[in-house]
Amino acid sequence: MNPLSACLLVAAFLFCVGLAGALSRSSAILVLAGIELMLGAANLNFVAFWRYGSVAATSRVHALTGIMFVLFSIGVAAAEAAVGLALILAIYRHAKTSDVTEITELKG
Amino acid sequence: MSRDLMMDATGNDERLAPTYGAGQHRLKAERESQILEVSIGPQHPSTHGVFRMDVKLDGERVVQLKPVFGYLHRNHEKIAENGSYLAAIPYTDRLDYLCSMTNNWGYTLAVETLAGITVPERAEYIRVIMAELTRFQNHAGLVGFLLQDMGASGTPLMYAFREREKILDLFEAVSGARMMCNYLRFGGVRVDCTPEWMKETRELVGVLPRFVDEFERLLRGNEILMARTQGVGVLPRELAVNAGVTGPMLRATGVNYDIRKVDRYGIYDRFKFRVPLGEHGDVYDRYMMRVLEMRESISILEQALKEIPEGPVQDPKTKLRGLRPKAGEAYGRIESPKGELGFYLISDGTMNPYRYRVRSPCLINLTILEDMCLGQSVADVVVTLGSVDIVMGEVDR
Amino acid sequence: MLGEGIVKGLFETARNFLGSYVDKDRLVTVQYPEERHPLPEAARNFPFLLYDGDDPEAGLRCVSCHICEKECPPRCIYIEKSTDKKPDFVGKPQFYPARFDIDVSVCMSCQICVEVCPFDAIRMDKEFELSTDDRFGGLMWTKKELSKPNEYYQKIHPVEAAETDARRAEDVEKAKAKAAAAAAAKAAEVAKAAEAARADDEGAGKEPSKG
Amino acid sequence: MSAPELGAVGVDLSADALRALLVAAIEGCSVTVVENESPSGQRSLVLDHEHAVEAAIFLRDNSELRLDFCSNVTGVDWPDREVTEKVKVKKMVEGLEGATEQEVEETRKTLAPGYLEAVYHLFSMEKKHGPVILRLRTRDRAEGNHLPSLTPVWRSAEFQEREAFDLFGIVFDGHPDLRRILMWDEFADYPMRKDYVSPAEDEPVLDDGCLPGAEPGAEQGAADA
Amino acid sequence: MEQELKDLKVELQKQGIFTTTLEELYNWGRKNSVWPLTFGLACCAIEMIATSMARYDIARFGAEVFRPSPRQADLMIVAGTVTKKMAPQVVRLYNQMPEPKYVIAMGACAISGGPFRDGYNVLKGIDRYVPVDVHIPGCPPRPEALLHAFMTLQKKIDAQQLRGEGRPRHLKADAPSEYPVPGYGAHNLEPMHNDDVFPPKPESPFKVLP
Amino acid sequence: MPDHPWRTVIALLIGAVAFGIAPLALARLWAMYFSPKKPGPNKNAIYECGLESKGDAWIQFDPAYYLYAIIFLIFDVEAIFLLPFAVAFTGLTLGAAIAMLVFLLLLVEGLIWAWQKGLLTWA
Amino acid sequence: MNVSFTMAGGLAERVDQIFVTLDHWAVAHTPGPLQWLVQILLIVVPILAVFPGLFALTTVLERKGLGRIQNRYGPNRVGPYGLLQPVADGLKALTKEDLVPRTADGVVHYLAPLVIVVTAFLVYAVLPVGRNMTAVHLNAGLLFFFAIGSATELAVFMAGWSSRNKYSLLGAMRAIAQMISYEVPLILSTIAVIMIAGTLAPEKIVLAQASYTGIFPHWYVFTPWGFAGFLLFMTAAAAETNRSPFDLPEGESEIIAGYIVEYSGFKFALFFLAEYLEIFAVSGLGITLFLGGWSAPLSFLAVIPSWIWFFAKLMVMICTFIWVRGTLPRLRMDQLMNFAWKFMLPMALVDMVCAGVWRFLPGGALWSVLRWVICTVIVVVPYVALARGLQMGKKVEQRVYRYAEEG
Amino acid sequence: MTVAFILLALITVAAAVAAMSMPRLVHCALALVVAFAGLGCIFLALGAEFVGLAQLLVYVGAVAILIVFAILLTRGSEISMRPGARSAFSGTVIALAVFAVLAHAVMTSRVSRIATTVAPPSNRVQEIGVELLHQYVLPLEVIGLLLTAVLIGAVILAWREKPAAEQEGARTR
């Protein structure tokens, strides 16, 4: 196994952990955390490809593409977290719970 | 809330006293979950002793504040009713333990009123000197404590205590004790001041203004101090009067009421001094009242030290031991550094007072603590409390 | 409002900081165990009993009159009167305290006992280094611990002691005079009686005037 | 304090004058004056319960009086006491001419019921005069220990009335927040009453018992001596 | 005192130099870093504050670090009148201090109730509920007296053993470090004292009246 | 060395952890051998000014805290973009700088909005 | 290596580089396979020794300094001049019983002081304490500093939350709110420097300032944007490390001791240590960014070794902190937050713009004066405006008081 | 494929699992922080210095705080989560299935066979900066816009307008 696929495997695993969490935890906050984890896993892929991808060495122009992607992705993920958590807060204020199941039940 | 009860009981009468501002801060049910109940005190670095406030906070904002007293209730009144008139004097020292001299004076004044005792002139002067020295050190100390509450790491307090020590040295030289002077007697004072003492006092009074200047340079223009005190703990004038607030706290709201001027007890009508008045009734005004009164005290001291006559210091006709005033009652009050300090005595003709009651300025000034603190942050509560100038010995007695 | 006040304050503290190295007024600490702030003469802490001469038993001035016990506001003096009497400084036979305890764990240092004592028997001490870990043994002072000689009093309160001594000397004088007068009167009486009884018998009933 | 009842020019603050004013202003108000023999000469007015609040408001708001400042509020305990009085009674006296009605002096011992009292010291900040002293008396010291609260008129009475409630057991009707203030809530007694006895404490005494002051209950005796 | 200390040292050195140095170090560290709890009750507290102020400057002994939280404090200076209403709080605060902890009862009130002893709400001495290391009589004791008491405490700490029977309470596993907090009763505190600390020792000339 | 800057960082990390743990371990050892721990119901209760603690401390807080966290997050992210810009700044053209200024102004606009809304005023 | 350095002479250079030389020597004299270990140890151990030592020294210094400000001596009995005071304190803390509240979250409670100490130590990796004396040369050193430093907030949260005490949680929330609010201006005020220096590596920033005009150094603090940036940075640093007048989280007059209420024994000491370490670190960074790091203030003083300069500057900063602490009362929470967002943050942005303008204005004799004037205006005008805006509607002012007329 | 990488990967994965499975929310959040920090360190280990640190700064510094605040604001800290409450089983199964697919894809794809470059490509911060302001200037502005929008949006969502009377009362007294 070469480093690249190791990275990808780790990323895949992280992604799945995030997925499992997002699917199974009842706290909305944790669902969001799971999503963040998945985004992080994607970032790991970007970095891995930037680092080991064959393109990087050859093309000067695209040398930084992976990095740039990660950079923007971090920004977007942070933004997503902010909005997501704000949403949870808003819902909590309304429904007095941050439990996803309860929220869905409330919605009825 | 309790206030509503009252409104019901008395039928929402407009003429009744302004009540707590609680109505507009009623807790909304939906907010209940965010309400944090903390008790500040009885062991707390800035409750000036063993005072406790049960505070309800919404975030940082105070929505309810209930003072809890009694942690220093030492049964002063009961003990005094069981002792002789003379024996009560050392106990009065321990009421407002920062100002034993003025406490003595309040009590002796009441006994003198009750028993019709006169005081020799020199003793009156000595009393004024002691009272003003006391006022000075009390105010200096208060400013120090107030700044301490604001987190000034003790520097102003240290400076205040530096001066206080000098004054205490004087007290000790004349009365034998630093704090618990037990110096005044009905009909005069216990011992005369020596000429050396007078000289030292004059010297000290000469340097005190420098200390006030130093204080002002250190604090008065400080932006943080101003920002933290102006507009904080505002006390409306009507409420202050109705709630019986007295002393610098009352004058900070702009009410001109200084018992030294009103009652002219002792010989205060002989001195020229001004009564500083505030306007906003906030913490800054209260702080400034103290500073300005310190200056006035110095001026009174200068006059008294200049004019003091020779003569006896104790009315020879007065029986100190075994005093039995005629049955009756009397209320005597003075302007203590904290406000109106009153003593109410009922005599039944025996050697012990039948009823002995201390009207403590600190306790009554605390009546409106909640009103001043509602809607403010905890930090403001601490500062507001600091500006009230309480001493638990007097609050709880 | 642009920060001048803060700067001013900083200067003030800087002045105190630097001043502490040059100015005695800006470094007021008295380093206690080694240096001591002199106590004024009037300083008081706890009472002690005075005795004259060298013998604390015989010279004790207290006559056990219980006045101080009654007047002491927290009532921390406990006196038991003796059954017998001993002569006091003017020679008058007086009771003395068989037991005289002061509970200094209660005493409020108010000096009222001193004020009310008509016999100059009790005075205030200046000693304050009294901390102890013995609550029940160390803080109940008995007559033995309380008795201090007059010289000690003269040392700690010279002016006051001089006054007291003068007054007492006066008292002694007065007592002497009184005794002399009494003796004289008695002598006269005796003389008169003698004269009346036996006119020629003279010189009898002379007593030494020492009191 | 030499002339305590003499206020600012023109206002007669003497107890009698005030009594007249109050009786005139408030219908059905009964006011009695309590004399004071001591040199202080501070006389006071006893108000009846029903009109106390009205009277207080009158005193506070009357433009002449303006007693806007209630300085001191306190309770006083007057326990039951035996009154020995000489009364003249008409009695049928067997005389020479048969039974005649005659006035005879008799000593009678009655038990005057005790009461609790609340005393209010009023001043005026506006007019700078005072004091005017008000008294309210309860019916007795047990069930009838109720008084109208003047806190609605003067906020300054709030804590002081609570204190009187705490220490004397006077119940102030209409007080917004009448709880114990100085003692803890579980406390059952009214310690400032004259008949209160401190609980016995386990007190260390010297072995031979020479600590008379320390014996429980001895304090009171010593004090009275 | 001095002689005793020396004897002690000799005694300990017999057991091995290690114990001695460790013990000395331990005691030296403890005695020179006594941080008091910010805790004042009444008038005596003002003198306590005065002690930390410029004239007396308790900082010279390294003890100016008044900690507001009992968790970080070593010394509780009971400065002032302990009322019955306050007593449970005082005991609780004491309990919440970590070992080793010391108590100085400053002033007549803290020792015995002092002038207010006869009051119905005044506790007749804090030693009824917690063990007191040093008592300072006086009303109030002068700041110097507090410094003196502080040095007395330091001496006391210095004389404590690390091992052996004579070792202080906090080193014994079975000695209590927390004492029952009294409760509010209808007439008095309950219980009125703590048997572990209060009745004077049998050899003392005092006995307890019921 | 320059190849492995992180090795030093890791060493420092380990050192720092050791530095923290060592005294704690030592303290525990001391407690084990000499000064036994003495927990108690009162002693290990929550401290609250000497009173018994009422109610739970883990309560809900003012949303204001969250607002600040959001603004902080946004500016933190902004810093991520600002830093490379700043490093490259000396070599940049005015146009690039203006592009960054636009980016900055966008965020400042958000700030001004929050300011106007009174969000920056701590309640 | 450096322009000014040549005039310092050989001996000075040797003294200056003494530690570097020693390091090389030691590494050279160890067997090959172990070289890396020695190399690392020689970096890590000094950091773990020097800064805690400095902490110990600072605690005495602070207590004595405050004492002097307050007309007293301060600790002076434990050891010579009271210098052993911290040792005693440390011993005491070590042997003190370690209390953890029953209801507390034990693990988190235990971890919090460790996390905070570790982060405090880690940031020293990138701090250049002398010429060639940076532990780790990172291209993104500054970013490393902030990234690691931001974990402090988490540690504070852990401490406050795990204690399950109202005061701690309140204190922790305050502390976090305060730290995040001031972190923004802290980072932004460094950006101006980075823009001019063009690097994120601290030692390169120092080098960029280490030249002289005549005898005067090219420190950034001597430019309008640098001066403003320095003040902003240090103010934010004080707030970030909870120093007076921003010491609210531990504002004992309201919330006892904030998030450390329930900590006792050495855990408490660790918090204390971490707090001071942070202060040193952030002051060190301030020195690096604005005060020329280890470079001498006047060119001829370069004979004095660079690390001495660094520590001398650090000492000055610490003394200033103590001085301020001895003087000022504490701010209130709302004022603190307002100050951060309504004054510090806009000022930091303005400062960045100012640095940008500075860079794009041309050089030359006349222009350099003009540049000064323009940049000063750019900084001062918003300063005054913002300072006024801060008090808008609050009417904070010096008041004049009247007296009652004689009557 | 160094020891460091394996260690970091293990820590990250373990922390991530912990973050998704611990009962108490605050613990989850703390574990999540560790996971993010681990991820950042993996970036660093891969030679991406700037992004690694950026990841640390944003996630450990800011997002973590945000999450923690959100937990406190929703009183989440006391709720002892019931991990099995919501379709824990099916969630895990789905995730495992996805992982199987992904792992298979990774192992069988071409990338697992390509030779990897030895030295990491240069990614000096300066280059990133230059790139950012030339190549990526549009995304940069878009991100700026996004951030502003997020700021406003999130704030509006989280911010509950206080009743006017109450707000007034707060300051007038």
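For reference, chains read A, B, C, D, E, F, G and H in written order, and residue numbers begin at 1 within each chain.
Definition applied: a residue touches a chain if its C-beta (ideal position, glycine included) is under 8 Å from a C-beta of that chain, and two chains touch if they have at least 3 such contacts.
Every value quoted in this text rests on a predicted model; they were computed, and no experiment measured them.
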**Shortest walk length in steps over touching chains, subunit B through to subunit E** = 1
**Complete:** Leading the contact tally is the pair A-H
**Fill in**
Between the Cα centroids of subunit B and subunit F the separation in whole angstrom comes to 45
**Prompt:** If you average the Cα atoms of subunit C and of subunit G to get two centres, how far apart are those centres in Å?
**Reply:** 63
**Message:** Need the CA-centroid distance for the pair subunit B / subunit D, whole Å please.
**Reply:** 27
**Asked** With chain centres defined as C-alpha means, what is the inter-centre distance between subunit C and subunit E in Å?
**Response** 33
**Prompt:** Among the residues of subunit A, which are close enough to touch at least two other chains?
**Reply:** 71, 74-75, 78-79, 81-82, 85-86, 89
**Asked** For subunit H, what residues touch not just one other chain but two or more?
**Response** 50, 54, 57-58, 61-63, 65-66, 69-70, 72-75, 77, 125-128, 132, 143, 147, 150-151, 154-155, 158, 160, 170
**Request:** At least two other chains touched by the same residue of subunit F: list those residues.
**Result:** 6, 34-35, 38, 41, 43, 45, 47-51, 55-56, 58-61, 63, 65-66, 69-74, 76-77, 79-81, 83, 86-89, 91, 104, 111, 122-123
**Complete:** In their shared complex, subunit G is touched by residues of subunit F numbered 1-2, 4-9, 11-13, 15-17, 19-21, 23-24, 26-28, 30-31, 34-35, 37-39, 41, 43-49, 53, 55-59, 61, 65, 68-69, 71-72, 75-76, 79, 82-83, 86-91, 94, 97, 101, 104, 108, 111, 115, 120-123
**In the complex with subunit B, residue positions of subunit C that touch it** = 1, 3-6, 8-9, 11-13, 16, 28, 39-44, 67, 71-73, 108-112, 115-116, 124
**Asked** Quick one: in the complex, what on subunit E touches subunit B?
**Response** 37-43, 45-47, 49-50, 53-55, 66, 68, 80-81, 83, 85-86, 89, 93, 115-116, 118-122, 139-140, 142
**Fill in**
Residue positions on subunit A within touch of subunit H in the complex are 1-10, 12-27, 29-30, 32-34, 36-37, 40, 43-44, 47-48, 50-52, 54, 56-57, 61, 63-64, 66-68, 70-72, 74-79, 81-83, 85-90, 92-93, 98-101
**Asked** Which of the residues in subunit H come into contact with subunit G in the complex?
**Response** 24, 26-27, 30, 33, 37, 40, 49-50, 53-54, 56-57, 60-62, 64-65, 68-69, 72, 77, 124-126
